[in-house]
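Paired with chain B in one complex and with chain C in the other, chain A is shared by the two complexes that follow.
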Partner chain A sequence: MRSIVLAGLCSAVLLSGAAYAQSGAPIKIANVAELSGGGATVGNNWKNGIDLAVEEINAKGGILGRKIEVSHADSQSNPGVARAQVQKALDGEPYVLLGPGYSGSVKVTAPLAAEAGITQIMGGEAAELTQAGNKFLFRTSFGQQSSMPKVAKYINDELKAKSVAVVWVNNDFGRGGRDVITKEFNRLGIKVAADLSTEAGQADFAADVSKIKAAAPDAVFIYVNEEESARILKEIKRQGVTAPLIGETTLVGQKVIELAGDAANGARGHVGLTTDAPVEAVKAFRDRFVKKYNYVPDHNGLKGYLAIYMVKATTEKMGKVDSKAFADTLHGLTIKTSTEPNILMDVTFDQNGDIDRQGFLVEVVEGKQVVKQVLPKLN
Partner chain B sequence: MSKHNRLLLVALSIIVVAGLIIIPMNFNRYGLYILSQWAVMTIAAMGLNLTLGYAGQVSLAQGAFVGIGAYGAAILTTHGWPLIAALGLVIVICFVVGWLLGYPALRVQHHYLAFVTLAFSTLMFLVFRNESWLTNGIYGISNIPRPEVFGFPTRKPLPFYYLCIGSLGLVTLAMWWLIRSPWGRAFMALRENPIRAQSLGIDTRRYTLMAFAIGSVLGGIAGVLYAPLTQYVDPVPFNLQLSLDLLMMVIVGGSGFMLGPFLGAMIAVLLPEWLRFAEGYYLMLYAAAVIVLLIYSPSGILGILDRYLSSRRTQAASALRAAAQSKLEAAQ
Partner chain C sequence: MSNLLDLIVAGLATGAIYALVAVGFTLLWQTSQTINFAQGEFVMLPAFLMLAVMHLGAPFWLAVLVGVLLSALLLGLAFKMLLVDPMLRHGVLPLAIATMALAIGIKEAVKQFFSAEASPFPSIVPAGDISVLGRAISLQSLGVLAVAILAVVGLTMLLNRTSLGHQMQAAAQNPTVARIIGVPVERMILLTFLINAVLVALASLLITPIYLAKFSSGEVLGQAAFIAAIVGGFNQVRGAIAGGLLIGVVDNLAAAYISTQYRAAVPMLLLILMILFRPQGLLGRAEERTV
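Now for the complex of A and B:
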């Protein structure tokens, strides 16, 4: 008798366990990012953005009634380690893979995720990543192949510059941007008057700026990280270079304005995704982030946050948790703020996994970002 | 070593080798990847162990040689060369470059030598990054094919692991032979007392250069395996950090011990993975563990074993002496 009761109990537990697995088990998502090493700022912003989004979604009952569970693994900013960690993550059969942020680490891991048929939502911005025909790879921000032509067009049409000095940071981010924009300049017949490679973490830009001065260009294009942007802006002001200064998110961000002070005034840039974007939802996100972590995130924090909401929107569109159909659903999907407010801006994904979203051209005026032009979504 | 001990050692090595072949059969891809990484790093550390542990020359350039090997394999195999041909060329290049790098070692010693080799390390990093025509610069080289060995493809993780572990086996045998040859004794003489070595007729100049050249070749071999293992190379993994890591592997494992690099690479590659349960703190725990180990035993893990064995030997010897003494006294 006792054994029958016991067996009954056991089967009840097993049955409820099975039922639980079907409806209520957490959705497992794996994140592999640069949590230490040279990319620690990138990776930790990305991770915190993810955690914030997961916390919000779980507080509201999860996706389709299931909670999200994210595991974080550190790639040490090393592609070899990233490969190991992604392999480990894939062996655990996650629903979706997030990261890494460095383009090199994305290149080494993307074939693994594609082979496993798992969708990878990453932070890399190098142009070539989405051009290799990988059907499982998605961006969270503009690739350089879509942001740089907009900047080049602005320099050509609005500034009517005939020669430009290009300053870039010698890593995959800076080099990638420099290569795309130089190609655009060639196409538009703009001369590159000076081509200056700088180091990540460089402190002194006196020599670079004096080269810019000697080249006397019509405009200066600056594509380095935030801290270095502030340093070079100060040096440019000190040496009295008067040519217009154009850049990207990393030239006109809030952090640069804080660090460079007056020297940031007049700097212009294309801004795709930044916590300074003149959009109410983005400002609200920034406040929530600052409340939780006590610092202002850079655009990587935003990218991590959006990655999770991409997962949510895609899953709700499918109406089920299906990792095999995920990539197909996300291709060509438009996520609107009217249905998913936390996607922050309407966004469309194309067949390559590239992103289409509104952008802005801003100028720093008296220590504040002022939007000069809104670059609409293409489709 | 007594006959009994020798048998024990042989049995133990057979068990370890069999374990390395059989146990990973059930490993998942991640486990195999990490073990392959361990084998590759062990080869590189063995090279440095020869230069540093046996010949006593401090080098911070081993990571650069791994880089030369990796880039050599990456560039040549993506242009259709077989990996074995790339290996041959890399061995020649690393031998020549290592030999040339040895020249400063004839003039400067210890930390001055470390600085010279550090400069070489930095120089190589800049070559990998800035000579885009050859190395594709910061973008790196992707889609590096894995080789076929005697007709067997090694594209899958398990066959490639066997390639790595097989290479490690061959290198270990070669090293074992080298250490026990007159060359190995000459290297050690160089480390212990260069002047005495010279007075005994050892050409210290040639052996110093040779130690650098052979050590560098092993770094290159490790690199040749590293490229198809990750199937992507970019300059960042071959910066000074790797040379420092390799130096740590040699010192932590036990510099100048044949098995030191095996344990050192285990600490450097596997320990951080085991500590990952601590999430954000795993690198701190790892660093603390290494510091504690080196405070406890500055001569590394095998230093502990060595101390234990030699104290046992001393005890045994003094016991023999005491017994002999009492016998002598009794006889008187």
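Now for the complex of A and C:
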């Protein structure tokens, strides 16, 4: 009898230990981002934002008592490499997939994650990404279909421009933005004085800027990645183009300001996320980030940070760690700062995975982003 | 028309930098049959060396000085002694392949030890315009052009007007006879490696403020300079200069009047035509070696 009781006790202890190990096992999250190559600024900011959020959450005991474990893989800013890395990451059965940041890389990796039934929270902004019926794909920032109409409206209403030169990068991101904004310009009766396609990683913009000069537009809309933005801003200054320069986050980001120096002054853009936002929680995030990494992040740092808090809020809403139910829960979810302060601003996800949040119109003044207008959340 | 003038001035400025790099190509080929496929990375590295010195708190001028000295040491002396000398005895091709490996090594090392991201780099020429014949011309373009021309003129004078230059020419044209008449051939060859290292450091100083300091920026430069050297004439310094300026202008005009996507193909096309119809290049001479 005694031996039976002893055996029973031992089994109970062993079973409870196993159950403890199951519930206490870390939540595995895979990140695939542009850690080198042309998108290194994007990917490294995104990665650092993720690491900061994970560190904060783990320090407070994790999500539902489980720590987060993130693996980082480098897509080398190459869609082919991104696809291979995402496949490798999915083979490890992560709870959620994070990244990539480049729209082209998201486009080729999203079907893999959807097929595996794993939610992908990414940084891409091309309009088409969330219009393909993928039920597992979520944005961390505005898509072009939300941001471009606002930029076109600003160019029409505030600048009263009648002709605009459009400079775009010839990849999924650039082409998507160019298509949406030229459609908006047509609708508003604004003439596209020059339609200039540039290459990713392009170093020399002398010829492109000469064309802008020759077209003499009322404003220049620039939609290229960060490093190329810095190079073209320098060339624009070098050639003395004086028309207002308007863009999106990639024209007025911190890295662009650092690289372009004085040449970035005066550039204006619509940004969904900026560490200069007049929001206390964002300022506090910025301070924490600077303390840890010793530099001011751009919007990608914020996107990576928010991606992890999206995971936290969604999981807590479900009350369990369930990768299959994750996407369904996040669709239609509103995460409020009152319940999750580190989501920084109230945000709502629609059925396509697009987001609704407040946005900002900023101008670079003396090497700093200055918020000129706050655009409220729509719903 | 005014647009064309802007394009030509900007093209000449970039072309002058290509010329500096292309001259280095021809110098190394002439004296030691070294085809240096790491020449683009040689242009990228000095900027990072200068940035590293600046991070230690040194002022820009001192960083430039130390950067040029370090370039001479690493890209001149060490390159010759540790890579070219041991490999050259196995032939031109193994050495060329070794320089390709070196290019990858330098690129990855910079990515690893500095950053994969681009960094800003100060310009030695102030921003702004000056008016030339009623047209605003960028000071930076003119400055880059002026510094590059001065460097090339200085080098040409060294080669043609000084005893040292004549010794270098002799060492390149016929090392055996040069040795007999007392020319220190080995020292002359080393000198060309040091000159190449200084030229690439100068090119780095001029191009990096425009292209930004990035581990991958040597790829474009190396290719452009290589094409420039072939088009101009691989066995003549003046050929490399002409080739550099031509490629700079053609590249800019192609980007403006043909398409940005195909701009890289135009210099290549020029290269193919040159190989087919004038293999010695614009100013090169058939089967002759001279510096």
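Here is the rule we use: the second predicted complex is superposed on the first by the 293 of 379 C-alpha atoms of A that agree within 3 Å, B and C clash if a C-alpha of one lies under 4 Å from a C-alpha of the other, contacts with A are read in each partner's own complex, and residues count from 1 in each chain.
We adopt the following convention: a contact is a pair of C-beta atoms (placed from the backbone, for glycine too) under 8 Å apart; a residue touches a chain by one contact, two chains touch by 3 or more.
All values derive from a computational prediction rather than experimental measurement.
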When the two structures are overlaid on chain A, which partner does A:Asp157 contact: first (chain B), second (chain C), both, or neither?
neither
Let me test your reading of the model: by the given contact rule, A:Glu93 touches which partner, first (chain B), second (chain C), both or neither?
neither
Which of chain B and chain C A:Arg231 touches, first, second, both or neither:
second
Of the partners chain B and chain C, which touch A:Arg83 in the superposed model: first, second, both, neither?
first
Of the partners chain B and chain C, which touch A:Asp322 in the superposed model: first, second, both, neither?
neither
Is the number of chain A residues in contact higher for chain B or for chain C?
C
Which partner does A:Ser36 reach: the first (chain B), the second (chain C), both, or neither?
both
Please indicate which partner A:Val108 is in contact with in the superposed arrangement: first for chain B, second for chain C, both, or neither.
first
Residues of chain A contacting chain B in one complex and chain C in the other:
35-36, 170
Mind listing the chain A positions that touch chain C in their complex?
35-37, 40-41, 44, 170, 196-199, 201-204, 206-208, 210-211, 213-214, 227, 230-231, 234-235, 237-240, 255, 258-263
Please give the residue numbers of chain B that touch chain A in the complex, ascending.
28-30, 33-34, 37, 129-130, 137-140, 142, 226, 229-232, 234, 236-237, 273, 276, 279-280, 282-283
Residue positions on chain A within touch of chain B in the complex are 35-36, 38, 72-74, 76-80, 83-84, 87-88, 90-91, 103-104, 107-108, 111, 126, 128, 170-172, 175-176
Inside the complex, what are the residues of chain C that reach chain A?
3, 6-7, 10-11, 14, 111, 115-120, 127, 129, 136, 138, 140-141, 209-212, 214, 216-217, 220, 251-253, 255-256, 259-261, 263
